[in-house]
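You will see two complexes here that share subunit A, one where it goes with subunit B and one where it goes with subunit C.
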Partner chain A sequence: MRNYLRLVWAIARKDLLVEFRTHERLTAMGAFVVLIGILFNFSIDSALVRPQDIAAALIWMTIIFGGMLGLGRTFRLEQEDAALSGILQSPIPIAALYLGKVVGNFILLSVMVALVFVVFGAFFSLRFSGSPLTLVGVVALGVLGFVSLTTFFSAMATRSSMGESLLPVLVFPLLVPVVVYGTTATDRLFIGRPIAEVSGNLRMLAAFAILFTVACAWLFRFVIEE
Partner chain B sequence: MSQKQIRWAVGVLGALGVATVIVLHWMVFFWVPTESTMGVVQRIFYIHVPAWWIAFLGFGLVALCSAVYLWLGDERLDRAAVAGAEAGMIFTTIGLLTGPLWGRVAWGTWWEWEPRLTLALLLWFIYLGYFLVRRSTANPEQGKRLAAVVGVIGVLDIPLIHVSVTWLRSLHPEAVILSASNPMNLDPSMGATIGVGLLAFTLVFASLFLARYAVATYEHELDLRDATPAGTQGAEAG
Partner chain C sequence: MSFGLEAEGLVRTFGGLRAVDGVSFQLRPGELLTVFGPNGAGKTTLLRMLGGVMRPTSGQVRVAGAPADVASRDWRHRVGIVSHQSLLYGQLTIEENLRFYGRLFGLTDLKARIPERLESVGLADRGRTPVRDLSRGLKQRAALARALLHDPEVVLLDEPYTGLDPHASKVLREQLASLKDGRHTVVLVTHNLIQGLELADRVAIQIRGRFLSVTDAGSLDLAGFEALYHAAVADHG
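Moving on, here comes the complex of A and B:
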């Protein structure tokens, strides 16, 4: 088990190291977050709608669209350099390769999510009066479910001639539970509703994340093998 | 089952299916009494409800055949999965078109973001992904494998449909026919019409399924013929 986790971390570390040196995905996602915040600001008529009332929806949409931007390129480097065959020939289990990619993407997306909250908090003058720890739990579970699915389908998209354009068609229909439970929980926590009101959402987000992480890890070999 | 037998079954099931669909329409328009609460518009249920049952049957087949295909790699299972997906998608489309027609009168709107309706629409898109993935790879074998994976992941969404129905407030009419508290509490003539609808759509589905399966088999044989060098074919013929 320990050895398995070491292999998972080796893959995640490699991806994070490449990202740390190139800043490719983080730069794109970071710029997207700030720019979409600006566009959202000008797209809302504040005389009719209070931005605070729809902040949770805007935040989750930004996480998903920004995340797709970065996660869609998860296997690009391996694809371009034909390095995937090398990784597949190495003695690493295929599920560990997938889980490593998920861990790397989760850390990467966590940085982006932190930026989303800072930017939207500043742009829309958001006041948070709920439990911060519960909010972290909601966002972490939602992001984990999102990452596990998008990483999986990103590998599928690299195998397809449609490439990244296939990703939204495959991922968006499956993401509805994350959007429903993530947004409603975030909304309630923003206005300081009790934690008991979002405990159901937390359970559903956890179930979603576990279900798709396990299923995708098991099915990954059918996607990645030539 | 040989190709000749399949063609024969397609013809018989198709003819029976069309005949039963005609009988169903006669029953819907002239025989079954009008429901007291919803009025005439309720008659669309005799098409809508069987369409959804068959749609889910089709997608169940896709999931089952896809999972076993990934496990055993038997080509026939892939053909059955794609046949189930195409036929299932036709009935999902019928369900999605007849639902809003009823909703326009009953709810006063063409579309309502009601959980079952929404996730049914999403299911349609999941299987659109199934077909896109299948056709977008250079290697057809890989396309089949990826589509099977989408089929399996897609069906995992069905329990989430159920859970979201429980959690979110639903505008969708409660299930009457399979209601646990009051099973089969329909007027006998309504039950008979639903039964004929179910039979009609099952026959049409079976015919479409077998027809598509036969086409997939022919495609496979053509692929094999194309892949075989001409000299080998001549030697085999000789």
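Moving on, here comes the complex of A and C:
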């Protein structure tokens, strides 16, 4: 088990190291988050709509669209100089390769999510009166479900002739439960509802995150092997 | 005595195209087989199946007598691949690339092993250079260090001389010659007759997916083989 986790971390660590060198995906996601924050700031008439009331939806939509920008490129770097062939020729289990990609993407997306909260907090002066720890749990589980799905379909999209433009078509329909439960729970936490009111959402988000991760890890070899 | 590498009735189809069509051969440890063929003959597809990167439509590969299925991973410790692409990450240094691949192969002595491999391919002072900053020749040497890092018994070489200038080709050829130590089983795929014949113990001509012949290289001279090859390509290509 320890060896398996070492392999998963080797993949994640390599992806993070490459990102640390290039800043390619973080720059794209970060710029998107800031620009969306600015656009929402100008497009929402706060005399008619209280930003607080729609904050959860704005935050989750920004996470999904911004995340798609970065995660869609997950396998792009593996195509340069056929590096993926080198990995496939090694003894690493295919599921460990997938899980390594998920871990790397989860860490990257967590950085973007932190930026989303900072930007939206600054632009809309959002007040949060719920449990911060529960909010972290909701966002982490939602992001894990999103990352699991997007990483899987990113491999599929990269190998298709349509490329990244195929990714939203594949991912969005399956993301509906994550968006619904994530947004509802975040909304309730923002207005200070008791934790008991979001425990059902948390369980559903956890169930989807586990389901997506396990199913995609199992199916990944059918996508990646030639 | 078991063979170092065996292929038995290997077939790979893409839609209606049979890219590799019933290829069989057996190589003893220490032997080097060069596979010649024109573009599109299925040489790279064959090599990808031998390396476990691609699943055969039918047929089997055995490494040191054990079936080398795509789904199983353990036998991969015994095989290394050098392609005309480096299989390295341009943004990472050579050392970082080797460390990454070393981890994938479960190697624990990387601190000693990496400098040793870099020394053996003449890159001892280039370990901290990003791969994207290397010339084509140096990149190919780094690729060789990557392929040999885990000390494989079977080495598969897919057009390793592509894009190299004469000096870089000579340096690489000397390094590939060191694989003829009686321990490594090597398959070299190329369409360059001179470079392919230099090191070969046996040669095969692959055209339209099929092996037309597998011959001992010792009995061949370049001019005769060149005539034979061109005639085969003209007849079957």
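In this text, the second predicted complex is superposed on the first by the 226 of 226 C-alpha atoms of A that agree within 3 Å, B and C clash if a C-alpha of one lies under 4 Å from a C-alpha of the other, contacts with A are read in each partner's own complex, and residues count from 1 in each chain.
Everything below uses one rule, namely that a residue touches a chain if its C-beta (ideal position, glycine included) is under 8 Å from a C-beta of that chain, and two chains touch if they have at least 3 such contacts.
Quick caveat, the model's predicted, so the values are computed rather than measured.
S.K.: Is A:A215 touching the first partner subunit B, the second partner subunit C, both, or neither of them?
M.R.: In the superposition, A:A215 touches subunit B alone.
S.K.: Output check: A:V223 vs subunit B and subunit C. Expected answer is one of first, second, both, neither. What do you get?
M.R.: A:V223 contacts subunit B only, not subunit C.
S.K.: Once the structures are superposed on A, label A:V169 by its partner contacts, choosing first (subunit B), second (subunit C), both or neither.
M.R.: Only subunit B is touched by A:V169; subunit C is not.
S.K.: According to the stated criteria, A:D53 is in contact with first (subunit B), second (subunit C), both, or neither; which is it?
M.R.: neither
S.K.: When the two structures are overlaid on chain A, which partner does A:E197 contact: first (subunit B), second (subunit C), both, or neither?
M.R.: neither
S.K.: Would you check which partner chain A:M156 touches, where first means subunit B only, second means subunit C only, and both and neither mean what they say?
M.R.: In the superposition, A:M156 touches subunit B alone.
S.K.: Please work out whether A:P177 is in contact with subunit B alone, subunit C alone, both, or neither, and reply first, second, both or neither.
M.R.: In the superposed model, A:P177 contacts subunit B only, not subunit C.
S.K.: Under the contact rule defined above, give the subunit A residues that sit at the interface with subunit B and also at the interface with subunit C.
M.R.: Touching subunit B and subunit C on subunit A: residues 226.
S.K.: Please give the residue numbers of subunit A that touch subunit B in the complex, ascending.
M.R.: The touching residues are 152, 156, 159-162, 166, 169-170, 172-174, 176-177, 180, 200, 204, 208, 211-212, 215-216, 219, 222-223, 226.
S.K.: Give every residue of subunit B touching subunit A within the complex, in rising order.
M.R.: It is residues 70, 118-119, 122-123, 125-126, 128-129, 132-133, 136-139, 142, 145-146, 148-150, 152-154, 156-157, 160, 163-164, 167-168 of subunit B that touch subunit A.
S.K.: Help me check something: in the complex, which residues belonging to subunit C touch subunit A?
M.R.: Listed in rising order, the residues of subunit C that touch subunit A are 48, 51-55, 70-71, 73-74, 76-77, 79, 81, 83, 85-92, 96, 100-101, 103-106, 131, 146.
S.K.: Where on subunit A is subunit C touching in the complex?
M.R.: Touching subunit C from subunit A are residues 3, 6-7, 10, 14, 17-18, 21-22, 77, 80-83, 85-93, 221, 225-226.
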